[in-house]
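Okay, so chain A shows up in both of these, paired with chain B first and chain C after.
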Partner chain A sequence: MPGWRVKLLPWALIAPTAVFALAMTVLPLVYSVLTSLQEFPLGRAPVFVGLQNYQNLLHDANFGRSLATTLIFTIVATAVEFVLGLALALLLKEEFAFQGIIRSSLIIPMVIAPVVVGIIWRLLYNADVGLFSFAVQALTGRSFSVLSSTTMALPALIVVDIWEWTPFMFLILLAGIQSLPLEPFEAARVDGASPWNIFVHLTLPMLKPVIVVALLIRALDAFTVFDQVFVLTQGGPGTATEVATLMIYKTAFRFSQFGYGASMAIALLALVLSFSAAVTRAFKGSV
Partner chain B sequence: MIRRQFLKKSLGAMTAATAAYSLSGCGTKQDSSRRNQITFGSYADPALDILKEVILPEFEHATGIRTEWVEADFSGWFQKALNDGQTKAGAFDIYVMDDLWVPRFAGAGYLANLDELGFQTDQDFVPSALDLGYWPPKTGLRQPGIDRKARSVLYSLPLISDCQLFFYRNDIYKNGAPSSWDDVLQMARQHSDPSRRQYGWVTRGVKGNPIMNSFFVLLHDFGGDIFGENWKVVFNSPQAVDALEFYLNLLRYAPPGVAEFDSDQEGATLLQGNAFAATIWTGWCPQTDDPTKSRVVGKINFDVPPKKVNRVAKLGLFMAGIAASAPHKTEALEFLKWFSSPSSQLRFARAGGTPFRTSAFKDEEARKKSRWLDAILRALTLGVPSPRTSDWSKVEDILGTELNKALLERGNAKKHLDAGAAEATGFLKSAGYPVG
Partner chain C sequence: MRLLTSNTQKRRLWFVTRLFLIVLALTITLLPVYWMVNTSLKTQVEIFASPPTLWSQNPTVENYVNLFTRRHLGAYLLNSVIIVGSAVFVSLVIGSLAAYSLARFGKDRLQQKLNFWVLAPRMIPPVALVVPLFLILQQFGLINKPLGLILVYTAFNLPFVAWMMRSFFQEIPVDLEEAAMVDGASRLRSFRDIVLPLAAPGLVATAIFSLIITYNEFFFALILTSTPRAATLPVGTAALIGKTQTLYGEMAAAGVVAAVPLVIFALLVQRHLVRGLTMGAVK
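Presenting the complex of A and B:
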């Protein structure tokens, strides 16, 4: 084979993948950035407005509030899912009877479509016939509507996310725990280390790379939560559960402010990337 | 046979098979092109069932034009239609739209001009229903950027004459429909019994469009409005505050959790016999007399919402427009002409549909089949549509969020209406409205 063909072969082999990746990720992103620099007046051609949409964004209190709601949702949901997932993984890491059935049933919430999850929980939270309202009424004698409460609606959404995604944390952390070498643990036990010391000084440090990846994946996903909010609360009551993705959706598709909606999406993307970079930097060397 | 030869022959055979299939496909298309198929895009709604199940087969039989009905949920279809209009993809011939989409679709050039296509209207069309198909609007305010003297053009036609009626239980309201809102409040006060799950009023409380639709009638009945002259926001006027305070008073007699009620829970509460008054879209009328869906068959009557200062009904019609990029405009126009003809409208009404021709509304047989037709016709004549601007959704969202907050707090009507007015004014200014 001539020398130039040998040199070209690797490029030729990766070209289809590179073109595909470019078409599916980079081009839409570039298009979104261009869209965010335009306005779309009714019945007229788009107008280039430079950074005007981003300037407006800086003064948009509603968008700021939706970002704060998203941040609270992400931090609380991811943290609780991590703690519960880790506890479950530690509990179920050993061999035991019916472990296949138990582990399989634990991951059921994760495989249900998010919209269906939303519908299931909408019924559970229903003020008239829902399980929670029934329990509160039985205990206190007063009717209570979870999703109509400005203080309870966001926690209620977080509970749904925890129910759905704790199994994901559990699966990743269980795989991580089972892949740890046995020798250090045996040596620690021989040396008389307590289970708590083993967990704090061996399991957690050795599991750190897996934990970081799991937290990162879940946090990035939680940042873009949409389906459950859309089905359960539509961002209400008031603006209590209006997360950033819902606001972007409404701005772009309901209000037809495509440019402004795109600028919101780019801002959210920048926030997510910064968050991901900060986490990666904080755990540099572990990942 | 060596591997290379096998591959070559296989490839040749596949190419030949593909070519043959494609050619046979072309042949089929040529045969059917004499009467093309028209594709409807729509949101799913039970109010469309008669059109789909009775009228479209009749149309196919009468004209030889086949029809395809593609539907999605309300938001999903809105996005699809918007994409189709923007990209001029031509995936649909007829868009089924909520009437408040017309300003956006017509204004952006996504709809074909029906006047230019040769569609003729006549005096028998219910005027308030037909007016919703024009852009720019025939009366009232005009959006910035639109010439005040520009001629109104017909871009879409009514498909289902939907509006909000006052539904009330005739075994509670024994003297007939209430004449005023004060009567409604009084009846609610007298007959509500939460221990037996009997409520004097039910409404939609979800933020945005649902609660806005519930409040809209009261706002106008109390003498308020959304916009004044030059798009000045006036939904925080003293009349509007009175209307919201009255609405909050009525909520004392509504089921718990009404803040998360949308149309489905509102209708279900009424049909289950748990509430005895509501302003609901007419799409729910047939279900009230259906024993498989209603526990109060024959016990619900219908009227135009009662009066305070004015007496109005909220319009919310299903509209049909031909896509500007429609591949089969001729056939689509033929459908609109056929469906809007007096005879088709009569058959539609007699089958249980809600027509848009006055003559069909007045047909005795149709009225016997659908006892609510008289109330709908009266409501249409008193009807008020959503403001005719493509930015209405944003204003509706702002006001709808503040109304939801007032509902949750069961008070602070003025504070929330003022907050909504300030935000809406800011938005309208940024969008180029003169605002005042």
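Presenting the complex of A and C:
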């Protein structure tokens, strides 16, 4: 093979992927910024409005509330999933009977389509036929629809997320724990360290890189949650569960305000990227 | 002697506690799934029975039959197979080439920058791209057409495929290829005859992974497709919820149809699940 062909090969191999990434990611992003500077009056050509959409966004109490809802959802869900996932991983890290079947069963919620997860919980939460509602009625004596309650709908959605994604934390933390070297643990045991001390001073610090990756991935996904909310509450009752992605969806595709929707999406992107950059920088040494 | 008994007792107590916690976790995980399957096999009358019946008193497949005869579930399923199949195939071919390049020549500084650009799209939340992609595809007349969604899914699979295959390629010793090239085989030939066969298990795992991600994808499918002509199974299923209102049996049956193939696939690639979920960050 002539020299220039050898030199070109690495680039040629990567070119199709790069072109796709450019056409379907970079180009739309640029287009998105342009869109966010426009207004889309019904039936007429889009009008350039400068930073008007962003100005409106700053004073839009609905968007602020939507972000707050999303933040609560993300923090509570991720934190609970982490604690439960870690507990499960510690519980199941040693060899025991049927461990293959048990582990496989535990990860099922995670691989079921989010839309189907929505259906599953509709069948549980529903006021007239739901198993959950039946239990509540049996205990409290009154009929209660969780998803139509302004105070309970968001916690109910968080429960769904915890059910669906604790397996993710479990699986990643388990893999992390199992890949830790054995020697420090044996040494600590010989020295008579208590299981709690071993956990706090050995397991957790050594597991830190894995924990950071798991928390970051999960938090970013939770922050843009959509499917389950769409299927279960559509953001309701009122706007009690209107997470950011759902609000953008409604703004752009129900009310055809593409410009305003795009500006919200850009704001959300900026938040997500600065968050990941901050986390990555803070843990640069350990990840 | 006392010490010994208390130790045995302690161990026994821990064993029972552990067993209890495992059973509890399994119940919480599986009961909701079982409830969907159970509901899908009940008649409309039995679904509304109070107290609810723990298993169907006279199991029926009526809900499933209705889905295919009245609710276009067959069409949605076919759309999903076509769209997901094409996107996974194309992204696997293109992405593996990029992955090989990243694994073998990735030390170059310029190339390292490129690594970032291959991965970057994965960091961008889908919602940031959905408005422009909708407007662009609309201009090309690709809304509610399978091709539109195939393009989008291929693009979203690519970074994933490239990074996952890269970690598989890196595990194959370079010596094997170099030996072949010393014997006169070209780089591409040694890739085809030596690297690809060795990477086959990884290729299968990656394929199943992108299959799971695309098959379950809802957000883009909802916005870019709408009718049985192009809509995928998740969209069809979600539309059903709106249309059927209280036909919980059909809703449950649609959920079962959508979930079963994927659960089977996922259990097949369990070994690689962690690598896939973290894009190679944790093995």
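In this section, the second predicted complex is superposed on the first by the 271 of 287 C-alpha atoms of A that agree within 3 Å, B and C clash if a C-alpha of one lies under 4 Å from a C-alpha of the other, contacts with A are read in each partner's own complex, and residues count from 1 in each chain.
The working rule: a contact is a pair of C-beta atoms (placed from the backbone, for glycine too) under 8 Å apart; a residue touches a chain by one contact, two chains touch by 3 or more.
Here the structure is a predicted model, which is why all the values come from computation and not from measurement.
With both structures placed on the common chain, the touch criterion links A:D128 to chain B and to chain C. By the touch criterion defined above, A:N56 lies against chain B but remains apart from chain C after alignment on the C-alpha atoms of chain A.
Of the two partner chains, chain C is the only one touched by A:V210; chain B is not.
In the superposition on chain A, no contact is made by A:S274 with either chain B or chain C. Contacts of A:T17 after superposition on the shared chain: chain C is touched, whereas chain B is not. Of the two partner chains, chain B is the only one that A:S145 touches; chain C does not reach it. Ranking chain B and chain C by residues of chain A touched puts C first. Of the two partner chains, chain C is the only one touched by A:T35; chain B is not.
Legend: residue contacts after superposition of the two complexes on their common chain; A:S194 is shown touching neither chain B nor chain C. Overlap of the chain B and chain C interfaces on chain A: residues 126, 128, 253.
Touching chain B in their complex are the following residues of chain A: 41-44, 56, 126-128, 133, 143-145, 147-150, 233-239, 250, 253-257. Within the complex, the chain B residues that touch chain A are 75, 78-79, 82, 103-104, 107-109, 143, 145, 205-208, 255-260, 265, 390-391, 393-394, 397, 401, 404-405, 408, 430. Across the interface of their complex, chain C is touched by residues 1, 6, 9-11, 13-14, 16-18, 20-21, 23-25, 27-29, 31-32, 35, 88, 91-92, 102-109, 111-116, 118-124, 126, 128-129, 131, 134, 138, 163, 167-168, 171-172, 175-176, 179, 210, 213-214, 217, 220, 223-224, 226-227, 230-231, 244-245, 248-249, 252-253, 258, 261-262, 265-266, 268-269, 272-273, 276, 287 of chain A.
Those residues of chain C that touch chain A in the shared complex are 18, 21-22, 25-26, 28-30, 32-33, 35-36, 39, 47-48, 50-52, 94-95, 97-98, 100-102, 104-105, 108, 111, 114, 117-118, 120-121, 123-136, 151-152, 154-156, 158-159, 162, 186-187, 212, 215-216, 218-219, 222-223, 233-234, 237-238, 241, 246, 248, 251-252, 254-255, 258-259, 262-263, 265-267, 270, 273-274, 277-278, 281-283.
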